[in-house]
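Read through the structures below before going on.
Heads up, the next two complexes both have chain A, just with different partners, chain B and then chain C.
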Partner chain A sequence: MIRAIFAATACVLAIGSAQAQPAAQAPARLAASEKPWVSPRTPDGHPDLQGFWSNASITPLQRPPELGSKEFYTAEEAAAVDKKEFTERTSWDRLGNQARVHYDMSQFGLDVIQAKVALSRRTSLIIGPEGRIPPVTPEAQKRLADRAAARRGHEFDSAQDRPIQERCIVWAAEGPPMMSSGYNSNLQIVQGPGYVSVMEEMIHDARMIPTDGRPHLPSGIRQYLGDSRGHWEGDTLVVDTTNFTEKTSFMGSTSSLHVLERFTRIDNDTILYEFTVDDPATWTKPWTAQMPLSKIEGPIFEYACHEGNLGLPNTLSGARAAEEAKAAK
Partner chain B sequence: MRRALFLALLLSRVPVNAHHAFAAEFDINRPIKLRGTVTKMDWINPHSWIHIDVKGPDGKVTSWMIEGGSPNVLLRMGFTKEALPPGAEIVLEGFQAKDGSNRGVGKTLSFADGRKLFLGSSAPGANGEPDGK
Partner chain C sequence: MASFAGMFWLAASLAAQPAYRAPRMPDGHADLNGIWQVLNTANWDLEPHGPGPGPLFQLGAQGAVPPGLGVVEGDHIPYLPEAAAKKKENFAHRLELDPEVRCYLPGVPRATYMPYPFQVVQSEKYLLFAYQYAGATRNINMTSAKKAPIDSWMGWSNGRWDGDTLVIDVTGLNDETWFDRAGDFHSDALHVVERYTPRSPETMQYEATIEDPKTFSRPWKISMLLYRVQDTNAQLLEFKCVEFVEELMYGHLRKKESKAGTKEAK
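This part shows the complex of A and B:
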């Protein structure tokens, strides 16, 4: 089974925004396509995005500085990079510092290369010549430094001091914008008249997106996943999200984060997912990333995180034991 | 270019988002080596737990809980709870909980004959093969 999943990933997709790249690096898949893809439609005439999708990715969010403004690998370079990830690096390598005290991810099928990965020739998920998150504003620098200083030494004081991911409230990568969750990177899209629902396996949140033109909630109503409103532009679902809380933060953002997502089904097995994030209180300019979502077989399973979250009390009791040991010295 | 690519690989990896930091729960200074008999496996999120009974040199049995990964992919791959039946003998090397309780995480986790759990398919003699194999 693992081998079958791996074989599926070996089918390299080279995709990207035709607009964003020079003609010499036109994506092979799109260039080779004789007939333009005609997206299937739902009974009410909208593009059909429904099904199960994986956003597992081996492409870094930010471009390595050494690559400068190189937005795409050549096919040969991409093959070399992918081969290294799939055949030379191990799940332990991918764990980095966490590997010192951890179980074997691959044993539980949780290593990213065991998932269905839609490969891309992009050198980073962030598009454009810079390929990196823009500098943060001086205001954001101070805010982030103050927040880190206030947290230092109090990381284990109580459950409320632990990250919301560890507390099973929302997964750090679930967004919006949605990023790969590292493992179980799966989502399910369901459409009905006037609504699109996106459910992410991590950690089992369904985001209901009205597409009937209604306005955003009043600015006083704030939600962990924000308030999403969708509309259709040709074959693309465009989702506008505002009304975040200060409790979730995307790469240091504030509750004034504005997310614009674009979902375009570019062939039967692929949705091109693009997001632009803007938060003038955090970044000096908006930035955009793009990644393919790869069709997978369902179902995805419930991730009932609270029920079995023994890691949280164990972490706190470990901290208490460490304090007692320190006091006894 | 080759050098640039190599550097890129070193510097640009996609981080793995574990549900929580294992180094905060388990103590790298408390290494453990256990051989025990499975009493049950909890197929729960965010992490599975394998319960084992370990017989000490004095014959006394102590119960341990071993933390594992989210079981969702195992389910998707067709594994069932028979994949690790009670009675299977497993061995592990890893680290004990920081609070000194009988909980641990195994860096290595295998059946007594050396086959890795799940990757090495079922326990000896158990009907635990994934569906469709």
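This part shows the complex of A and C:
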């Protein structure tokens, strides 16, 4: 496997109060500058979103409950939170349950603080007074409980029982919607005539998004990454994605998941990325999150996940060995 | 009546002129944007070949090898003696050894002529190749040529324009990929120079010069046409084949008599 290697020093881009502004407004930190920032254009007149971007983030998806309806930190609070994140917490705190024997997180740019992180004053990526994923419907509750029950005790039975990320089919953060990945949160945008292409390093999928107004794929064709169609609303690229598989399951969603993404370049170094997800079979209402993408130098490298996947067979053979040992007792 | 000299001049000037002038991008370069695919059997065997049985008789005609004229200039790949023996061995064990069977990234040039479409997204700044097979991608570096930082499956591509021809110099390829299902292979010393030349609104000439002194006695060349996929609303579809090779690769590690397992194995 090949991973992107970034400068070991944390390279931090503070966009400060920019995140407190609606996407269409100029970032406040540019107010001091003499002339407003004007988006570069592609030859066909659309905003130029091209280049390499990082969506590495230290902002949690959901707002910590103790913050209630507080959507933004003050500048002082944000500085304190960022300082804590970058100095006091270790990558192990961030990763949570992964065993320390797996990786030395300080190597190969695996730690998020080694990446370029666009800071935000938001207390959570999910916007609005609640800042949390809305409750799931009773139908979804039952579906998720049934699924968990069927899985219990069979988690290591076969490759097909493992999560799709571990199987190198789709990286969980790949989306859409695109979320920050544990590491290598890098993507490239290329705009050709009638197409916008978004290529994510994890795991080398290029989303080809036609902007020519064509209809979605027939409903019988389902894809892990769904089927994306783009159009421009003023200076914002809006991408509508449907036709997901049942197995994609973004945070428990079904194949009726509908994702709407908005890409707005707000300055030379930043795209404001916003997504709204809706799945009436899963959540009681749609929800929206927002995060900045910050410009990086690139290039992105090949992440040959399946080709180097020793983890999956080792996990399964470990489970078989444990069963044999248990049976021998 | 035209003089002999005049006819000669006419013929010479026709030969010197490109027969076809491709549509332009705003920056003046030829526009290669589109979805492309070959109409040949190079993925089965680069060399000229008659029809043949596939490695699995159960697949019948579906799994048989379709005949093809071949795409190698001079018909034969100039293997060094030891490498020729290895190619034969590869062919005999192609079901176990061909990386395509395991849904591995195809490498270059094989990605070009697999029986799946690929898409070129070209802008003034960037050039991206996306292949339907296994979701393989290549980012073509069009600025100053850089040395491959590390070996990879799809290699490191430095691109430049030679008139209307896109020339891509590919290095940093690992030794894991093959050229076709016939066992044609290479080492990690592989160096590929590809040339994409528009020759009509619907076709491009594709050439690749292959150099690998550890495997071949001299550089050799393949040449074929790429056709523009023009079906209404044509698009690359997802072909994540990893899922289809899991039973083959990991089935032996499945828990015996497991409930979930029995269901999945059907």
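Heads up, the rule we're going with is that the second predicted complex is superposed on the first by the 292 of 329 C-alpha atoms of A that agree within 3 Å, B and C clash if a C-alpha of one lies under 4 Å from a C-alpha of the other, contacts with A are read in each partner's own complex, and residues count from 1 in each chain.
Following the convention adopted for this analysis, a contact is a pair of C-beta atoms (placed from the backbone, for glycine too) under 8 Å apart; a residue touches a chain by one contact, two chains touch by 3 or more.
Just so you know, these numbers come straight off a predicted model, no measurement behind them.
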{"item": "Clash-or-fit label for the pair chain B, chain C on chain A", "value": "fit"}
{"item": "Partner chain(s) touched by A:F156 [first = chain B, second = chain C, both, neither]", "value": "both"}
{"item": "Chain B versus chain C as contact partner of A:R320, first or second or both or neither", "value": "both"}
{"item": "Contacts of A:G182 with chain B and chain C, given as first, second, both or neither", "value": "first"}
{"item": "Touching partner for A:I58 - first (chain B), second (chain C), both, neither", "value": "first"}
{"item": "Partner chain in contact with A:E139 - chain B first, chain C second, else both or neither", "value": "neither"}
{"item": "Touching partner for A:L312 - first (chain B), second (chain C), both, neither", "value": "both"}
{"item": "Chain B versus chain C as contact partner of A:F301, first or second or both or neither", "value": "both"}
{"item": "First (chain B), second (chain C), both or neither touched by A:C168", "value": "both"}
{"item": "Which of chain B and chain C A:E246 touches, first, second, both or neither", "value": "neither"}
{"item": "If touched residues of chain A are counted for chain B and for chain C, the larger one", "value": "B"}
{"item": "Smallest separation of CA atoms, chain C relative to chain B, angstrom", "value": "7"}
{"item": "Doubly contacted residues of chain A, that is, touched by chain B and again by chain C", "value": "2, 156, 168, 300-302, 304, 307, 312, 317, 319-320"}
{"item": "Footprint of chain B on chain A - complex, ascending", "value": "1-2, 57-67, 77, 80-81, 84-85, 94-96, 98, 100-110, 112, 114-115, 123-124, 156, 162-163, 165-166, 168, 171-173, 180-184, 201, 203, 300-305, 307-312, 314-315, 317-322"}
{"item": "Of chain B, residues touching chain A in the complex", "value": "1, 4-5, 7-9, 11-28, 42, 44-49, 67-78, 94-95, 97-101, 103, 105-109, 116-119, 130, 132-133"}
{"item": "Touch list for chain A against partner chain C, complex", "value": "2, 42-43, 50-51, 150-151, 154, 156-161, 167-170, 188, 190-195, 197, 199, 204-206, 208, 210, 214-215, 217, 221, 223-225, 299-302, 304, 306-307, 312-313, 316-317, 319-320, 323"}
{"item": "Partner chain A, residues of chain C touching it in the complex", "value": "25-27, 31, 33, 103-105, 119-128, 130, 134-137, 139, 141, 149-150, 152-154, 176, 233, 235-238, 240, 242-243, 246-247, 249-251, 253-255, 258-261, 264"}
